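Two complexes, one shared chain (chain A), two partners (chain B, chain C).
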Partner chain A sequence: MKSCRADIGAGGGRADRPVGLRLLDLAERLRAGLFPARFSVWTPYLYLLPATLITGILAIGLVEMAETSLHVLNRATFRLDPAYTTANYTAVFAKPVYLHIMLKTGLAALLVTGFTLLLAFPYAYHLVRTPHHRLRRFLLIALFLPFLLGQVIRAYGWLIVLGKQGLLNAALELIGLGPVSLIYTYSGVVLGLVQYMLPFAVLLLAPALTAIPHEVELASHSLGATPWRTFRHIVLPLARPGLVAAGVVVFTLTVTDFAMPEIMGGGANDFIANAIYDAFFQLSDAGMGAALGIVLTVFASLIVAVAFLLVGVAALGHGAQQKPRVRP
Partner chain B sequence: MRRGRGLERLIVATVAFDLLFLALPTLVIILASFTAGRIVAFPPEGFSLRWYQAILEKRAFVDAFARSAYVATVCTLISLPAGTLAALALARWRLRHALAWQLYLLLPFTIPLVVSGLGMMLLFGRMGLLGMLWPVGLALTVINLPFMIWGVAACVNRLDPDLENAAANLGAPPLHAFVTVTLPAVMPGIVTGGLLMFILAFNEFIVSLMLVDARTVTLPVLMYNSIRSTITPDLAALSVIYILVAAVTVWLLDRLVGLETFLRSR
Partner chain C sequence: MHSKPRNLRLPRRRFLTSTAATAIAAPYLLRLPRALAQEKPAEIIVRAWGGVWVEALKKGVSDPFTAMTGIEVRHDLTEDNEIRPKIWAAVDQGRMPPIHVNWDTTTNATKSALRGVTEDLGDLANLEGLLPLARPVGLEGWPLVNVYSYAYVLAYSQKAFPERAPESWNAMLDSAFRKRVAMYDDGIGLFAPAQIAGGGRFEDIPDNMEPCWKYFRALKANEPLLGEDPDFTNWFQNHEIDLACTIISNAREARQNGIAVSWTVPREGATLDTDALWIPKGLPENELYWAKQYVNFALSAEAQQVWCNALGLPPVRPGLEPPADLVGDIAYPASEADLDRFLRIPTPVLVEHESSWFEKVNEIMQG
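What follows is the complex of A and B.
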């Protein structure tokens, strides 16, 4: 900055302004020309414009999917028939294959949500309540490191753990137990998903637990309640918004998951997302795949909507009053 | 008092199990990447760096890595201004139909990723954008933008509007107030959001799978294609790169905004 000032030299009082501010002055004049003060009512909408356009790409993509879902595959030409029909939707609910996949996906989502919340709640509670600063940092790092690893990497890790010559079988062999095969099984998919969802659930639960004043627990304790009763009647009810938010996020993420069943399931444990993908790229029936996709979208949105009604919009949205607790 | 021990023990035991459960795939990958053998097996055969050398020599891996870095950079550069401005708009003004705006901007979270990916594949295909790399970066912005908005919004709500009023009172024109007061106040949120956007795009798999072809394949998609045949240790070495990138990001998040921020009640 100093050298700049020396260069400007004889410019008078204005030249004392650092170069950064002088650039800002220039930009300000440009703004005043393009967007005068009387337009300022529009400022918020100008701020929203880029994000709106970007999200618009998704909205148009969804319309493309909806449009595609209304055409059936012409088996003679292997192209979509130009005529509009709802036959794909009828087929989605009539075909036993798809019903079976939907049930399997739904069951997996329930199992994953249950296990994840059971494992996440104590972790989040300990994370928030521990008096040891070092331990809290360690728990946070242990949580964030896997959180920032994608599903492909984590699924690959599980393949190494659970594979035929994997860690688990090597350990079982040491204690004289025969090889088990968890790889390419339904249980393997559920296991991988629980591990994947755990950090999401903890990060959604922790702020809700922070919001519970420790004094309430201490009061309950000094009034003679056992820790179990305090937990059941004080902590759990107060943590409900966090539990609902975490549950909804984990459930919808699982119901719509593709990578875990694809990699850990080995083709025999498909979820709805895999069926959609296969319809597009293996059966070349984009219409059917799109119809399945729209059904899945409606289902996932309904779950989110029910959650909105249960805990209020602010807990899930980018609320101005309350901080967002969004679905990642 | 005595009965309380049970609950405490249960909590500690679960936390210990969680720690192992969370770390296991990562630890196993690191271990497997140093094997001297030709396949991943336990216990690993000897110690060597041969698989790290192997991935560096394999052109396809290096290219895919560069593409992933490019895509993540494009994604972050678009998200930073778009997400920051949207978060500011949502949090600082009483918008009409604020709920509708919020729901609209949460669309990427309510639409399943498979559907988003296929929808954009159809759209980009129609526009002749498939086969190029920058649209992949744009698509990853589209699906992850709520993270950026969330990161900044969490900060904006702590921003004191009186600060901006004071700046205006002292004669700062709008842009000056924005650059010298608003932006610095929400900077932790911008940093959090930006880091998240980069690492999510760098790891993104499913939407990229729909949008890339053999010439534009990104690293997670290439890894997925390789996993399907056999489990070879070169993928473990590649995964270690991801683990390193994640570790650096955690370190940066901690240094710049502090990991404890994520525990704050909202």
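What follows is the complex of A and C.
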């Protein structure tokens, strides 16, 4: 080792070093010049910089949107009046249609979150616990295949399956049950969204369930707990970070969804995003669209904030799962 | 001056002959000496509606235009409502607009003209000899040109009405057709007949629209499907609906696809409206020139004959032959006098009030 260093120090060795290593040396010297070791305390903040920049750009967009929301449309010129007013917000809360749409959106988000978590939990559990590789592979393929299709194609798929002349109605007619209206309804929108959200929820739950040592469950069984008690007092509390993350993601994606109510709703089951679209594009009223956008952002943020307040932000960290409260 | 195809089923050889003849006539149509001074762009982009609409435009206008000029025409199927704010923003910011020619409803085109984002088309040679319907209302000059008229008919499945056509728009309210009726998602086309079917008078639009809203509330109870142009064709083809307020072209397309669909103008009447072509400001000079030539060609007898016949709509160029299947059709006005049989809400009224009517319909249908 010593002789090797001596060789390098002797001169000829540096030239013999591979190009890759010399480039690395150069990069290291450059880094040391630009970011000396004494600045290392700032390193974590540097890692945060990209996320901060992206959030900052979004915040600028939000500020612009808030500014736009304070102008009403002049229908003589189809431009926004320069005067500032809160008339758009007054209209949002005074018009029953917007309140109704907000309530429908909120209810759908709750239903979709509930149903999705109910379906995703056993799926994710079997995905991480099954000893059979083929079953795990099948579950993964079944999970990712619809993921690759995209929301619009999946929604049209539902129209084919559930339409008046779709597969389901054809089957129902075979057994003497007449055609039923399953699409262009509120429940159709919820059904489509649950199917769309399922992979998101499973993917967020799976790491949390993987982090639960299987031995803990085995210990519970060996101490005489029934499968239900093990699930209720061991698995469920330890899976809380995954459940919270999946719940928040599914809720926020649903509350801001546009395509599913647009395609599956038949025009009469709009969500807030559809109302925003109509304001911007159908009515050419950017002020009203922006006001609705701000209301949606505040609404979704409040719900997420309440969720975090109730379960605690720490629930998202895996540290929270190390203290299961097991009843004797 | 120009040969006219007699019906929609134009033999290919005759089409090619006509195209060649048009190519020969093109220098005169397009004032070639000036055209030579303008560099040709590789393509021009024309916004269009999908389905039968874009097919008709391609066949009647875009393909012959390409054959004449060598300029490719790309059709942008972005919804008319979606392209509008993009054009408005581009013009405001001094950027080049995303399209060269916008095929738009006259009401929307008028809004863009009021905002000052449209080029004047007053120097187009083919404006001469058009029906008065082609001229924009309430605007100075030619910031847009109307290209044909169309009726919002009551389309119906012949299976549901085997004996005779429904006589009133109130058929849409019959509970026997619950969940089997359809209308445009913003209610367009139905305001005037709904006003009358709801017990009101056409003359009371826009001051007293309560009868109209009464009709829409009753219609809401029948749980209608709400959609856009291509939806109606699909719904009829998939037997999802029996009745719809839609433009004749959509019902006709379903019928041409073998579906037993027909249409009528009920006793309350049917709304007549127009579509327009306009060019956004901000194009480079040569592209503006060729965009104008595209619009000019769209107004020619050759283009109007094929384009409008494919759509089943009466053109603004008089003296052309109607499609064979629509001769004598109640929903196809064959002369200027025929236009008076329809309910025509003046464009300025639509421009001022239509948005609030859309909101009202939305309020009723989402309730």
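Please note the rule applied: the second predicted complex is superposed on the first by the 236 of 328 C-alpha atoms of A that agree within 3 Å, B and C clash if a C-alpha of one lies under 4 Å from a C-alpha of the other, contacts with A are read in each partner's own complex, and residues count from 1 in each chain.
Operating definition for what follows: contacts are C-beta pairs under 8 Å (C-beta built on N, C-alpha and C of every residue); 3 or more make two chains touch, one makes a residue touch a chain.
These figures come from a predicted structure and were not determined experimentally.
Using the contact criterion defined above for the overlaid structures, shared-chain residue A:78 touches chain C, although it does not reach chain B.
Applying the stated contact rule after C-alpha superposition, one finds that A:110 touches neither chain B nor chain C. By the touch criterion stated above, A:300 is placed in contact with chain B alone, chain C being left untouched. More residues of chain A are touched by B (comparison of chain B with chain C).
In the superposition on chain A, contact of A:96 is made with chain C only, not with chain B. Touch criterion met: A:163 reaches chain B and chain C at once. In the superposed model, A:276 makes contact with chain B only, not with chain C. By the document's definition of touching, of the two partners only chain C reaches A:284; chain B does not.
Touch criterion met: A:57 reaches chain B, while chain C stays clear of it.
In the superposition on chain A, the residues of chain A contacted by chain B and by chain C overlap at 163, 165, 280, 286. Looking at the complex, you find that chain A touches chain B at residues 24, 27-28, 31-32, 37, 40, 43-52, 54-55, 57-65, 68, 118-120, 122-123, 125-128, 136-137, 139-146, 148-161, 163, 165-167, 169-171, 195, 198-199, 203, 206-208, 210-211, 226-228, 231, 252, 255-256, 258-259, 262-263, 273, 276-277, 280, 286, 289-290, 293-294, 296-297, 300-301, 304, 313, 316-320, 322-328. Across the complex, chain C meets chain A through its residues 79, 81-82, 84-85, 88, 111-112, 114-116, 179, 185-186, 220, 223-227, 238-240, 351-352, 355, 358-359, 362-363, 365-367. Interface residues of chain A facing chain C in the complex, by the touch rule stated above, are 75-79, 95-97, 100-101, 104, 163-165, 181, 184, 266-270, 275, 278, 280-286.
Residue ranges of chain B in contact with chain A, taken from their complex: 3-4, 6-8, 10-12, 14-15, 17-19, 21-26, 28-29, 32, 39-43, 78, 81-83, 85-95, 98-99, 101-116, 118-120, 122-123, 126, 138-139, 141-143, 145-147, 149-150, 153-154, 157, 173-176, 179-180, 199, 203-206, 220, 223-224, 227, 231, 235-236, 239, 242-243, 245-247, 249-250, 253-254, 259-260, 262-266.
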